[in-house]
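See below for the structure under consideration.
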Amino acid sequence: MDPKSPRATDASSQVDLTVDMAGLKLRNPVMTASGTFASGREYADFLDLSRLGAVVTKGVSLEPWAGNASPRIAETASGMLNSIGLQNPGVEAFVARDLAWLAGHDVPVIVNVSGHTVKEYAAVVERLDAEPSVAGMEINISCPNVDAGGMAFGTDCTAAAEVTRAARAVTGKPLIIKLSPNVTDIADIARAVEAAGADAVSLINTVLGMSIDARSRRPRLARTVGGLSGPAIKPVALRMVWQVASAIELPVIGMGGVRTAEDAVEFMLAGATAVAVGTASFVDPTATIRVIDGLESFCQETGVAHVSDLTGALVL
Amino acid sequence: MDPKSPRATDASSQVDLTVDMAGLKLRNPVMTASGTFASGREYADFLDLSRLGAVVTKGVSLEPWAGNASPRIAETASGMLNSIGLQNPGVEAFVARDLAWLAGHDVPVIVNVSGHTVKEYAAVVERLDAEPSVAGMEINISCPNVDAGGMAFGTDCTAAAEVTRAARAVTGKPLIIKLSPNVTDIADIARAVEAAGADAVSLINTVLGMSIDARSRRPRLARTVGGLSGPAIKPVALRMVWQVASAIELPVIGMGGVRTAEDAVEFMLAGATAVAVGTASFVDPTATIRVIDGLESFCQETGVAHVSDLTGALVL
Amino acid sequence: MCSTDIHERRPVLEHVEVMANDRLAQGVGLLVMRAPRIAASVEPGQFVHLRISMGTDSILRRPFSVHRVVGDTIEVLYQVLGRGTRDLAGKRRGDAMDAIGPLGHGWKVEPGVAHALLVAGGLGAAPLGMLAEDLAGRGVAVSVALGAPTAERLVARALFERVARRVELATDDGSAGEAGFVTSVSARLLERDLPDIVCVCGPEIMARRVAEQAADAGVRCLVSLERLMACGVGACLSCVVTTKSGRLRACVDGPVFDAEEVVWDGSEVPPRH
Amino acid sequence: MCSTDIHERRPVLEHVEVMANDRLAQGVGLLVMRAPRIAASVEPGQFVHLRISMGTDSILRRPFSVHRVVGDTIEVLYQVLGRGTRDLAGKRRGDAMDAIGPLGHGWKVEPGVAHALLVAGGLGAAPLGMLAEDLAGRGVAVSVALGAPTAERLVARALFERVARRVELATDDGSAGEAGFVTSVSARLLERDLPDIVCVCGPEIMARRVAEQAADAGVRCLVSLERLMACGVGACLSCVVTTKSGRLRACVDGPVFDAEEVVWDGSEVPPRH
């Protein structure tokens, strides 16, 4: 069916796709992954945003960030590296332009937040807390593409907890902490942010990687290293979602290589309450809708009445 | 050319493919990755073992290990998971059967060593030290597929150093420590084993991952989790080789998704002295030979007189 | 021929050319490949390890029994399950692939055997085709118990009917032979024909049942087992079968095992869906 | 037509069918695709984002300028560089792909322009084909400076010679036109023809040189820039060009930029080899 038209069948469908996630009631468990969907405007040509579980925006910081030099991407086997470096116009421009636009689209908006310091994170969260159209916030403590802040907070329990506490102090809205896979024990970090007051965790952010051009002898990314995403990392993401979901009580948003409805089901079986589609949108701008429709068919075919029955239903 | 016949051109070739690695003089920098080539006998139908830089054997432990239940593998996007669990007949049977066979094949033999405890590692190293046909040993402190030992030693600096010291105490032969990618900072571990007396490090072992069958709701591996290898992990491996080579003085053996000569060049540019071919041998049993021949052509075409000139020659 | 030591016939890496690829039934096809070197040395029960696609996203070969040899071609009977077999179904005459083979230890039916019972469930017929022809050629009386979901899926029926003394059928839906499992047929034939040996291939639960029937009847039983395989040549230990002598590799120590040796521990390939 | 606001012509995801795919020179091909919706709305300088293969190992689309529109087909001139373009070269009549387009801001040549100089290096001719036809149709006098390594690689020469008032050539080996760089030709034409605007596309070092020549001559210059692109629609920020107003996205804010705005900081696509 046309991904741009709202589904006439939604009401009559026997499958209940809605999920409750950290106090949010979502139409379905499929969100966009931060940084792969901007604020949705660019994809509105291809799909009806109101069909999504939620739009998760590109990372927003206190001041405008210029990001890294180009080239910023490199294709790898079943994956890609990026080193965008959180280029964004700053929270004020974001609120004025992107959020205002998104507010008219009948879809929960989760704003992804970046910062160089705990203070900066908290300032952005506080600013966004004042905006009624912000449904929740996702705190990115796992970006491998910035020097200060970013992943440094996500690879250390104390720092991760500190950012979480600071954000928690200034918002009552659903607070999601986005975890880094570049750690020895991701469950440890998850426990730390749970104790510090997070409402949910999302994982995984990209895996730190590198690509080299053998002939020119240069790294393919101007920044030398970048973050690996796409189907290549799905096994790592599934493992980490399973580890984290087994370790904490909070809902988990699973991502990393989700491309099809079966991928989404696998993440939910591993313990995810919701999933996010990232890199897959680049090759197919309607990937999110394909996953949503596919989830519904999967549930129908396999006799799953409520999609959330899949969460944690892995048979060991 | 036929990978089974020795190269008539080796002598007259202008490119010097030999490398010095931890006191070993290798014919070329291309080895087999432990566990993907058994002890070479199975591949002798397809290639001339004496053309290889070295044969690195499957992991050997003090007593026979039965390994994990089946299924032990699952294919993933551009990769595979394995949870073999170091099944092996124990060091005595290995020496009697595999080593005796290998000794007649004019190729340096590096024996990969596993253990549940520091004592067990040391006992195997000591036993192998007595065998003249053992050119060197690679200590696997990074296997994600065993409960005791294995990766536990590779994710902690103190434990990694302890295993290294214990092995160092009982052998004067080249001692390679095989590092795990499942850590926050692999350079830290590398520095620890360097200080503890290692002669070289090899990396990466497999990345801990998981695969789920959406329909049966079961993990595809009997052991639930396993190690990811193949082209999917190459970007992660390159990044880690680069980090480690920048952090320590020891030679680095790079591996993780090497399939072509260009892949090998990339690892060398990132800082590797030698490379190992693993999963690629499964789809093409002559992959090692293709990489060796391709390296020679690459050097010829790009005017590299000595292959080791590529090591660390990344242009930033 | 079946007692030839496999080590005298080493596997080769051979470029093969597709000569024909025909759909036999819903999701089942017969692939004919020109593979002179493998055709010249393969024995019943051995397999080839096929590189179906050259991309990097599917990085493992896929194992298939050699169903028949005709001149310098080998035939493979395949069922479409996932991406490998889907790609295989798309191959056309003239397409090239590469194959490693012949691999594994096949059926060891000693010269003294006068009567053999072959039991095949579904695609389990694949490795039994060459065996039936070979035994018939050696003057062994062959009975076959053949089962499948439907009559259409009894894909090797014609071959067996040509060479076997007796072929009895079972289908899930009763569209051919008796309605039910092939294990009822095998039980009946075991009792009636008193074979010297039973050779079985099919879903592991069915093979195990037949092995038990044979053991009860005091008849030697050989079983061909499937495991997920990476290397196919004995190097990676991904394909082990638990036996009384430890975990053995299906690719070189099997795929045919003496049923008495097998420890049925549920380590089979996850069920197809 | 070139001044139409792009936001009135939104991109679509269209299934396209290959009508022809011809080799023009060593490593260069011309692909003709039936794409009625894109053909109906594309403007000179815009591009399509092609999904060349359906596997998962190559997970990004590849951007290609629309070289010409003929009826409901679009033409793409491509050079084989890596696996995407290699797969593209293998497409045959009847093959299906999907395309997102039309994308980006094309050449904005105002109505007042009487004489335009087009400068193309190698495959830089691709996005200039439609522009030359369009300008000529609007009665603008068009001069073209066209460079390539060899005469054979001057792949769009015939098109330009058909519609332009003057086409001057440069080849590295002197096999057509003058031996040397196209920048010598552009310098000469700038001086001699005193164009109102220069439109340039080619390797970034060459485009930059032409931009400098135009600036020195006080002539407005538009340049089409290439960046590695993931989404192609403005969402991922992988394709930024450094400009005086910050880092802008080549896919939606470009690929055609006012040369005055561009900060040449070496952030181009790594050189082809």
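Letters A, B, C and D mark the chains in the order given here, with residues in each chain numbered from 1 onward.
In this section, a residue touches a chain if its C-beta (ideal position, glycine included) is under 8 Å from a C-beta of that chain, and two chains touch if they have at least 3 such contacts.
Predicted model, so just to flag it, every value in this text is computed and none were measured.
Novice: Looking only at C-beta pairs that count as contacts, which pair of chains has more of them, A-D or C-D?
Specialist: By the number of C-beta pairs in contact, the winner is A-D.
Novice: Taking each chain's centre as the mean of its C-alpha atoms, which one ends up farthest from the centre of chain C?
Specialist: Measuring from the centre of chain C, the most distant chain centre belongs to D.
Novice: Starting from the mean Cα coordinates of chain B and chain C, work out the distance between those two points in Å.
Specialist: Roughly 35 Å separates the two chain centres.
Novice: Can you give the whole-Å distance between the Cα centres of chain C and chain D?
Specialist: Chain C and chain D have C-alpha centres separated by 57 Å.
Novice: Got the chain A residues that touch at least 2 other chains?
Specialist: Residues 77-79, 215-216, 218, 230-231 of chain A each touch two or more of the other chains.
Novice: Using the touch rule from the top of the page, what residues of chain D touch 2 or more other chains?
Specialist: 56-57 - these are the residues of chain D that touch more than one other chain.
Novice: Please output the residues of chain A touching chain D within their complex, sorted ascending.
Specialist: Per the touch definition, chain A meets chain D at residues 35-38, 42-43, 45-46, 58, 66-67, 69-75, 77-80, 82, 84, 87, 213, 215-216, 218, 220, 222, 230-231, 259, 279-286.
Novice: Which positions of chain C touch chain D when the two form their complex?
Specialist: 55-57
Novice: Could you list, by residue number, the parts of chain A that touch chain C in their complex?
Specialist: For chain A paired with chain C, touching residues are 77-78, 231.
Novice: Note which residues of chain D are touching chain A in the complex, please.
Specialist: So the residues of chain D in touch with chain A come to 10-13, 51, 56-61, 100, 227-242, 246-247, 252, 265, 267-271, 273.
Novice: Provide the residue numbers of chain A that touch chain B in the complex, in ascending order.
Specialist: It comes out as residues 76-79, 81, 155, 182-184, 207-212, 214-219, 224-225, 228, 230-236, 238-239, 242, 257, 262, 265-266, 269-270, 298, 302, 313-316.
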